Every structure is written in C-alpha cells, then in structure tokens.
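Structures given as structure tokens follow.
Both complexes below contain subunit A, partnered by subunit B and then by subunit C.
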Partner chain A sequence: MKRLLFGGMVAGAVLLPFLALVLWAFSQRWFYPRLLPEQWGLRAWQYVLGTAGTQMTEAFTHSVLVATVTAVLSVAGGVPAGRVLGLYHFRGKDLLSIVLMLPIIVPPLCVAMGLHLWLLQLELAATLAGVVLVHLSACLPYAVFVMWGVFSNYNLDFEDQARSLGASTLSVIWRVMLPLTFPGIVVAALFSFLLSWSQYLSTLLIGGGKILTLPILLFALMGSGDRPVAAAVSIVFVIPALAALAMSARYLGSRRMLGVW
Partner chain B sequence: MTLPANDNRAERARSLPRPAATIGLLAPALAVVGVLFGGGLALGLVQSLGYLPAAGMSALSADHFARVLADPDFFKSLAFTFYLALASTLVALAVGVAAALALNRLAGRSRAIQFIFQIPLTVPHLVIAIAVAFLLAPSGLLARGLQGLGLLPSGVAFPLLVNDPWGVGIMAAYVWKEVPFIALMVLAVLQSSGAELLEVGRTLKADRWQRFRYITLPIIFPSLGAAGLIVFAYTFGAFEIPYLLGQTYPMMLPVWAYKAYSDVDLLARPEGIAAGLVIAGVVTAAVALAQGLTQAARRRGAVL
Partner chain C sequence: MGVLALDELSIAYGADTVVRGLTLEVAEGELVSLLGPSGAGKTSVLKAVAGLLAPAGGDVRIDGCSVRGLPPEKRSAVMVFQKPLLFPFMNVAQNIGFGLRMQAVAPAEARRRIRDILELTRLTGFEGRRVHEISGGQQQRVALARALVLKPAILLLDEPLSSLDANLRQQMRELLQDIQSETRVTTLLVTHDQSEALMLSHRIGLLLDGRLRQVGTPHDLFHRPADRAVAEFFGGCNFLTGRLQGGLFACEIGSFPAPGVVANGHRLTAAIRPEDILVGGDCDHPIPGRVRRTRFEGAATRLWVDCGPVRLVVLTPRGDLLPGQPVCLRLPAEKIRIFPPG
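Entry: the complex of A and B
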C-alpha cells in the first residue's frame, strides 16, 4: 500500500509536466479557466511537421549529428583516461582530477564566450565542427568520470590471462576490455549525448544563429508565444532523449556500474 | 558522480605502465580540457581585459572588470543568483534524500519506479522550463485546476509563480530536474552499505531520527556533498531556465552576462565575458570552500 502510494507520487511528480505539454500540443481552442481544451486538434502538428517541416528536419538532423559525434569523441577520450585514473595511483593524480573536474563545475557559457573569437579566426564559428568542439569541452569530462568509476571496479587479471594465452594488445582491447566495460561505455555515451542534445547557449554563441538545432528552433518558437507549437516541438525534442534512456536503461542498473554512482 | 575510492585491489597491486603510455592514454582528454576548456577561459580573460582587435581595442586594462563590479545592478544579480542557486540546491537535497530513503525502503527492486525516476535526468532544461511555464503561469494548468475546484475565488489573482521576484518557477524547474540526480547518487551508497549498521543502531535502541543522524547521514554525506556542489554550480551558471522563467530585474547572472555579451554595442561584450568569468570564479571558489570546510570539520572530528 505504502509502496503503491510512493510509486503514484513519483509517477505524478515526474509525469505532470509532460501532461501539460501533451494537453497544449493537441489543443485547438482552450480558453482560461477551462481545465481541458474545448476543442482538440492537430493544428500545432500540422505547423511543426508541415509549414515548418524543412526547418524542423534541418534542426533535428543537426541535433542528432552534433550529439552523436560529441558522444563518440567523448567516449573515445574518456575510455583511455578513465582506464589510467581508475586502475593506477600516481603522483599528481589529485591535481589531474581537479583539472578534469573543473569543466563540470564551470558553466559552458564562460568557455563559449572565450572560444568564439578563436573559432572565428579558425573559420570554425558557425560550423557544425565548431559547435561539436564547444560541446566536447563540456561533455568529455563526464565520460572520463563515468569510465574512471567503471575502471576502479575492473579486474586486470582477465587481460593478463588473455595475454598469457597469446592474445595481442588489440585483441585484448577488443575482446576483453571493451566487452567487460561495455555497460559503462553505453552510460558514458548516454550522458555525453544527452548533455550535448540539450545545449542551447553554447550552440547559439558559437553557431551565431546560423546553426539550427532543436533547442535553437524551440527558443525561436517560444518567442512567438504560440503555446501549442512550443509544446509540440518540446515533445519532438524530448522523445529521442527518452528513447536513449530506454535503450540504455538495462545498463544503468548493471552491477558493473557500481563504481560510477 | 563521486570520485571513486582509491582503495581498490587492482590499483594497489599494479605499478603504472610506462610513462609514455600513461601520457598517451590521458592525452586526448587532457587536450580537450586544456585546449578547448582552458583555452576558452584564457581567451575570455584576455578579451575581458580589453583585447578586442576587431573593435580597435588592444590595450590591456582592468576597466571592464571595474565597470562590471561598480554596477549596482550586477550585485543585485549576484545576490539573487546566489540566493536562488543555494535555495534550489537545498530544496533538491532535502527532497532527494527523502526520495532516496523511500526508494530504498519501498521500491528497491521495482524497475518501473526506478525507470520513471530516471526520466527527469534526460529531459533538457529548456523543455522543463516550458512545461513549468505551462503549469505555473497565471493561465497555467495549476491556476485552471484551482479555479475548477473552486479553490480560487474568481476575481482573486493567481499568485505570480513564474517570472516572479522569488524565483519560484526557476526553483521548481531545477528541483524537478535535480532531485533524481541526487537521489540516485544517495541510493547507490545506501544500497551498498549501512544495512548492518542500522541493525546495530536498532538493537542499541536508537530512534528513527538518531539512526538517520548518526548512521545514515554520515554514510551518505560524501556523495551528498558532491551532488550538492555539482547542482549548486549548475544552477549558478545555467542560462535556459532563468532566461525563460526569470523576472526582468534583477536577473540571474548568466542572463546578465549573455545580455551584455550579445549587446549591439560591441563595447559591452568584454563586460559580458567579465561577468561570465566572475560566475566561473564564484562557482570554483564555492566548491573549493565547501571542500575545505568539510575537510577541516572532519579533522576536528565532526560526524559528517
């Protein structure tokens, strides 16, 4: 009974904001103070998928591209660094951990403002590559810390056994290390993807309004004050994030993730 | 994320691989943090000191910082930001600990509840800001619900909960977003330790509060502290939620910095960057101070 009550409270608190979004996205006419729309309809969806369809497609493609590349690069940098930090103790490790922690503490706004001028000179401002670079500065440290946790519970004996059986370094990495740390890699990729997916200000500063991602488009639409349209775009924006969570949910609770949390 | 403990078996048993290999493994991460993050901050500092060749300014001076720090609005913004980040963090910590305790007792193995609980972690701040506006605005779902139930006499205005002087809307959005993060970090610690100690506490007739204060709290404190610092730093420096849900005066510092940075007057740009660096400085100092205080208190034997 208590358990049901608690489950209901959690579900209610988490899902209430989504209820508001869904109600507005499918409302056609909804005057105050009616609790529910007087008339339901698909006007917002017709606008989002029809009238503004090309912009939506562009924004969606850019968002997926930037977040995926950022996540892949974050993991590529996070796995080797996490391995060293998780497995070994060495002089300067505390200092190193503080340096790697700083980008998690300091907001990307400060970094993006400084980087803009430089990326402008490198002709990377207002390009997808420039946006990936600024996202990377915020996302990669998360991947490092996730992999650090993973490797602090990692047993090197498996690698030694493979090597004593004649496995090359490459096949030790491919057939021992990566399978054993796979849940952690998925979680590190998920964190980096989500963090990049939701970046607004750093994209705006570096993209200079020329790189259209979903958050940039959503902000522009919010300015017009059209609630149903903003709600519909919000739903399009949040679904891939939820899908990413659903796909990696079984790894989040995995025993091998114990060191991370 | 807590810094993983150093006492693992493998670590003690092994010596480091060759220095060249170690540096090679750390290089990609260090390059990103050093060049992009460090470089970004350094270039920001140079620009905020007045080096902006595009606008014909190339003499270094502390004028921009001085002008930012002399602006009374800046201090109002700073105070408001500090209040709101601290309040949001404390509320999120309290709710997060309560949720973790309940989750541990009532739903330790319920996958459905745990999945629902993780949802806010994935939702972009922008989306929750919009949803909170839909819920709490004067014509939002809450006002409609209260009106429908007859709890809000017609003619009496619904209290201002978004773009309001106390930042209620901003706080609501942050708390919704950060509670699962805190709760999951605490839950991981609760599940891996403490059951036996609580049993001992019970046999020694410690009451519920005493068991929480002297057993559970010391166990979860390190991760609670780390989670709180990350949340505080985030709420202090994030832009989207205060931009959408904040009042126009005083605004939160990140909004202030962005407004100055994107001003049509190019001369205001270094002031925006200077404000951004002040944010970075305050956040870093707060984290360092909290770490220092915790360690000092531990050295004096406080049960934390």
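Entry: the complex of A and C
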C-alpha cells in the first residue's frame, strides 16, 4: 500500500507538468484567469500533422537519425575508452580525464563556435554528419565516464575464465565482456541519445539553419506565440525520449525502484 | 587424460621472483596438490600452466609437448578459479555449455554431455536455474561441471574449497574425490589448507619461499618431513637440537638411538609429533617432566610438559593428567625424525 502511494506521488510529480502541455495541445481558447480551456479543439494537431506535416516529418526524421547515430558512435568510442581508463593505470591518466571533461566544463556555445570553423574547413558544416560530430563532442565524454565507472567495477577474472574454457579474444568480447557491461552500455547510449535529442544551439550553429531538428522547430513555434501548436510539437518531441527511457528502464536503478513503476 | 610436467618453472612479478626452479610431474589420472602458505605464488603457477600468465623461465609440457607460447584457449588445460565466476547472464545449463559452444560441439551432443555432467556433480534438475538462485556450494559445483564437461587433459583447481563454509567443505571434498576417481582426470590442485591437501591428494608438493621443499604422498610429508621447515608447516612438532655421538642422537633431554644417520659432530635438528610421544608406562629411557598446562580437545588432550630445559607438547588420549603433576614420557626412537644437516 505504501509503495503504491509513494509510486503515485512520484508519478504525479513527474506527470503534472506534462498535464499542462496536454491541456494546451487540445485547447482552442484558453485565457487567464480560467483554470481550464474555454474551448477544446484539435486545431493545433491539424496544423502540426497537416499543414506543417512535411516540416514535422523532416524535423522528426533528422532528430531520430542524428540522435541514434550519435548514441551508437558515442557507445562505440566510450566502451574501449572506458575499458582502458577503468582497468589500467598509466602516466598522464589524470590529464586525460580532465581533457575528456572539457566539453562538459566549457560552455557548449564556445565548443560549438570553436568547432564550427573547423567543420567549415572540412566542408561538414550544414550537413547531418557535422551535426552528429558536434553532438558527439558533448555526448562522448558522458559515455566514456559511464563506461569508466562500469569497468572500474569489472572483474577481469571472468575473461580469464572464459579464455581457459576455450574462448578466443573475439568470443570473450562478444560473449562475455559486452553482456557483462550491457546495463552500462544501455545507460551510456540513453544519456547520449537524450543529450543529442535535446541539442538546440549546437545544431543551429553547425546546421546553419539548413538542418531542421525538432528542438529548432519547437523554438521557432514558441517564438510565434501560438501556444497550442507549441504544446502539440512539445508532445511529439517528448514521446520518443520517454520511449527511450521506458525501454532502458530495466537497466536503471535498483530492482526495488523499478517495482514502484 | 594427460600428463603434466613442470620443468624448472619460475614466476616473477616485475623484478620479484616468487617461484623458482619448480619441477613437478603429475601422472595420468593423478591428483597432485601444490600446498603452501597464502601468497606463495601458487595461483600464479596454475595460471602459467593454464596459459593466462607467462612464466619468467622454465617450461610447461602437456603430454610431452611444450605449451609455452600457446594461448589459453588452445591449451587442453582448464582452470577453475577460487570464485565460481559463473556468467550471470546465463543459466546453469548455458554456463556449463559455454566451453562446448566455443568448441562448436553439436547441440544434441552438448545437451547429452551437460546432462551427464549434471548427474556427476549431483546437480540434476538445476539446468534452468539462474546463477543468483543457487547456493555457494552449488555454484562451485557448476563451475567444476563447466570445466569437466570439456574433458580436459589437465584440470587446474585454485583453492576449490576455500570459499565454502566448514560443513560444505567436507561434502565438496568427498564429491571432488568421487569425481576425480571416476573421471580419472589429471588434476593439479592448489591450496593453503593442509587438511585439504592431505585428504584429497595422491601426492603433495610443498611450496615454501618460492621453492618446492618436498614432494611425496601425504603420509610421507606428514610423518617423514624432509626438513625443519616442512615439519613446521604441518605444525605442532616438537623440535630437539643435539649432536650425533657414537651412533646416538644426544640432545637436551637424553640420548636416542639414531640408526642410519651419518653426520658425526654436526649439530642436528630432530622432530617428533605430539601424538607420537607416550605418557607413562614402562620404558628403558623414561623422560621425567612436569605438566605445565592441559587442554582438552575432545578425542585427545594436549599437554605442555616441561622436561628440564625443553618444553614438549604431547597429545595423549589420557584425560587424567593435571597441571603441576609429574609425568614420565617415552619417545619411541622410530618416531623421532632426525633431519640431515644443512
């Protein structure tokens, strides 16, 4: 009973702000001081899915593509880097960890502006690849740190045992290391996905206005003052993120916490 | 079935040589224990045989062929670690079948072998259990099954019983003995537990300070230690120092016949086990003493007896002796082990 009450309270606290969004998205007329919309309607959705349909599809596709590719590349780099940092001691390790932290410490605008010039020279500006690269500069450190933590608690004896049982190096990686570190990999991928998904400034800067992602579309619509439409786009924006979170919920936190949900 | 030969094996950690000149043979079907105090480098020897560690020198030969340079996955020696190290993302049957999958054994054949090994290790019915659902002892048995199912030429066991509690240890000891005698797998076992080594092994190799001090049957090591260090390892021995004079070993408490020992004039050390000293009764050369302390240990009582300058520890079935009481001790000559000089 207590668990249900606690769960309900947590769920309520998280979902309450979304309630406001949902109300706005389905409202036609809603002015202060009314607590609920005067008129309900689907105008916002008609606009979002109809008139602005092409734009929405483009933004949605770009966002999914960039976030997924960023997450995959982030993990691909994070796992070997995290393994080295978690398992070995070497000269310059402290310096390396500070260097890795820099994209997080330094304001993202500075990082993006700095990278912009370089990407222009590489002719990657205003391309999806360029956007992925700049997102990676923010996501990779997180992935590395998550995997560093995972490998710090990693028992290498498992790999020795597997080798003694006849596993080749490739088999050890594929059948032992990756399954053992899988929860960490999911967390690293999730962090990277969500971080990339919500990037605005860096996408705007590197994309040069030519690459349209959901956050950019959302900000534009917010600027127009049309709240119901902005709310509807927000809901479209939030759902994939929530879906990613739900899919990886199994690997986050303790079993007890998951029992609450 | 395999024959293991360690030839002048030496193990080093950086500049530190922990094991040197280790030469040992394990015959087909034999269980040999490498016994020694913790930290003596025994696990490293096992890892060197398994291929997980490169030895600093010497050779490892399985069935006559040197395996130096051969990676662990290609050697026919399988190591079972101190902790079960069962893969948590697999159930019991999948864990056991891991090595079989690596060897690309056909699924039907693999299933049959897994079933057989589960029966041998008394784990029938546990196939679908997850690793965290079984007890420590059961986990240890699964780890053993995982190695045995591959029918390795050499089985390497690293302190297989040390992570178990006392009751389980006894059961596992018996299981290990049964399995080893049934499968006749050549086994090299490493342990710091003397009783484990004494109970399980066909032969024991005692590793002290990085060198193999004595290799022999459990009986040899216990009753006929090669030197003082070996005797001290098995604990409880009484040590006497003296000289050989005219065929007799003359020490602080008397002279004893010493047939076969040739070392006239040298200072020698002799040892006699507490349970070999007899209390009371008629004898030619009784040694008088006074009981200092007693300790009841169940089947026997341990006495600390002062005999002049020497204190002897005696283990006797007699329970009637009290501190302060005078006693007469007999040291049977055949039980006194005189160590060669040097």
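Methods note: the second predicted complex is superposed on the first by the 240 of 261 C-alpha atoms of A that agree within 3 Å, B and C clash if a C-alpha of one lies under 4 Å from a C-alpha of the other, contacts with A are read in each partner's own complex, and residues count from 1 in each chain.
Note that in this section a residue touches a chain if its C-beta (ideal position, glycine included) is under 8 Å from a C-beta of that chain, and two chains touch if they have at least 3 such contacts.
What you see is a predicted model, and the numbers here were worked out from it, not measured in a lab.
**Student:** Could you classify subunit B and subunit C on subunit A, in the superposed arrangement, as clash or fit?
**Tutor:** fit
**Student:** Put down the vertex angle at subunit A formed with subunit B and subunit C, C-alpha centres only, nearest 10°.
**Tutor:** For this superposed arrangement the angle is about 90 degrees.
**Student:** Is A:M1 touching the first partner subunit B, the second partner subunit C, both, or neither of them?
**Tutor:** After superposing on A, A:M1 lies clear of both subunit B and subunit C.
**Student:** Applying the document's definition of touch, where does A:S97 land relative to subunit B and subunit C: first, second, both, or neither?
**Tutor:** The first partner, subunit B, only.
**Student:** So in the superposed three-chain picture, is A:F145 touching just subunit B, just subunit C, both, or none of them (first/second/both/neither)?
**Tutor:** After superposition on chain A, A:F145 lies in contact with subunit B alone.
**Student:** With both complexes overlaid on chain A, does A:L16 touch subunit B (first), subunit C (second), both or neither?
**Tutor:** first
**Student:** Which chain makes contact with more of the residues of subunit A, subunit B or else subunit C?
**Tutor:** Result: the larger residue contact count on subunit A belongs to B.
**Student:** Give one of first, second, both or neither to describe whether A:L170 is in contact with subunit B, with subunit C, with both, or with none.
**Tutor:** neither
**Student:** Considering only the touch criterion stated at the top, classify A:D160 as touching first (subunit B), second (subunit C), both, or neither.
**Tutor:** In the superposed model, A:D160 contacts subunit C only, not subunit B.
**Student:** Which value, in Å, gives the least CA distance between subunit B and subunit C in the superposed three-chain arrangement?
**Tutor:** 10
**Student:** Do any residues of subunit A touch both subunit B and subunit C, and if so, which are they?
**Tutor:** Shared contact residues on subunit A: 155.
**Student:** Where on subunit A is subunit B touching in the complex?
**Tutor:** Going by the criterion above, the answer is residues 2-3, 6-7, 10-11, 13-21, 23-24, 32-35, 76-78, 80-81, 83-84, 86-90, 96-97, 99-100, 102-107, 109-115, 117-118, 133-134, 136-137, 140-142, 144-146, 148-149, 152-156, 194, 197-198, 200-201, 205, 215, 218-219, 222, 227, 230-231, 234, 237-238, 241-242, 244-246, 249, 252-253, 258-261.
**Student:** Subunit C touches which residues of subunit A in the complex?
**Tutor:** Per the touch definition, subunit A meets subunit C at residues 155, 157-158, 160-168, 171, 175-176, 179-180, 182.
**Student:** Which residues of subunit B touch subunit A once you look at their complex with the stated criterion?
**Tutor:** Residue positions touching the partner: 1-6, 8-12, 14-17, 22, 24-26, 28-33, 36-37, 39-45, 47, 54, 99, 102-103, 106-107, 110-128, 130-132, 134-135, 139-141, 143-145, 147-148, 176, 184-185, 187-189, 192, 223, 229-230, 233-234, 236-240, 244, 254, 257-258, 261, 272-273, 276-277, 279-280, 283-284, 287.
**Student:** Which residues of subunit C touch subunit A in their complex?
**Tutor:** The touching residues are 47, 50-52, 71-73, 77-79, 81, 83, 85, 87-89, 98-99, 102-103, 146-147, 150, 156.
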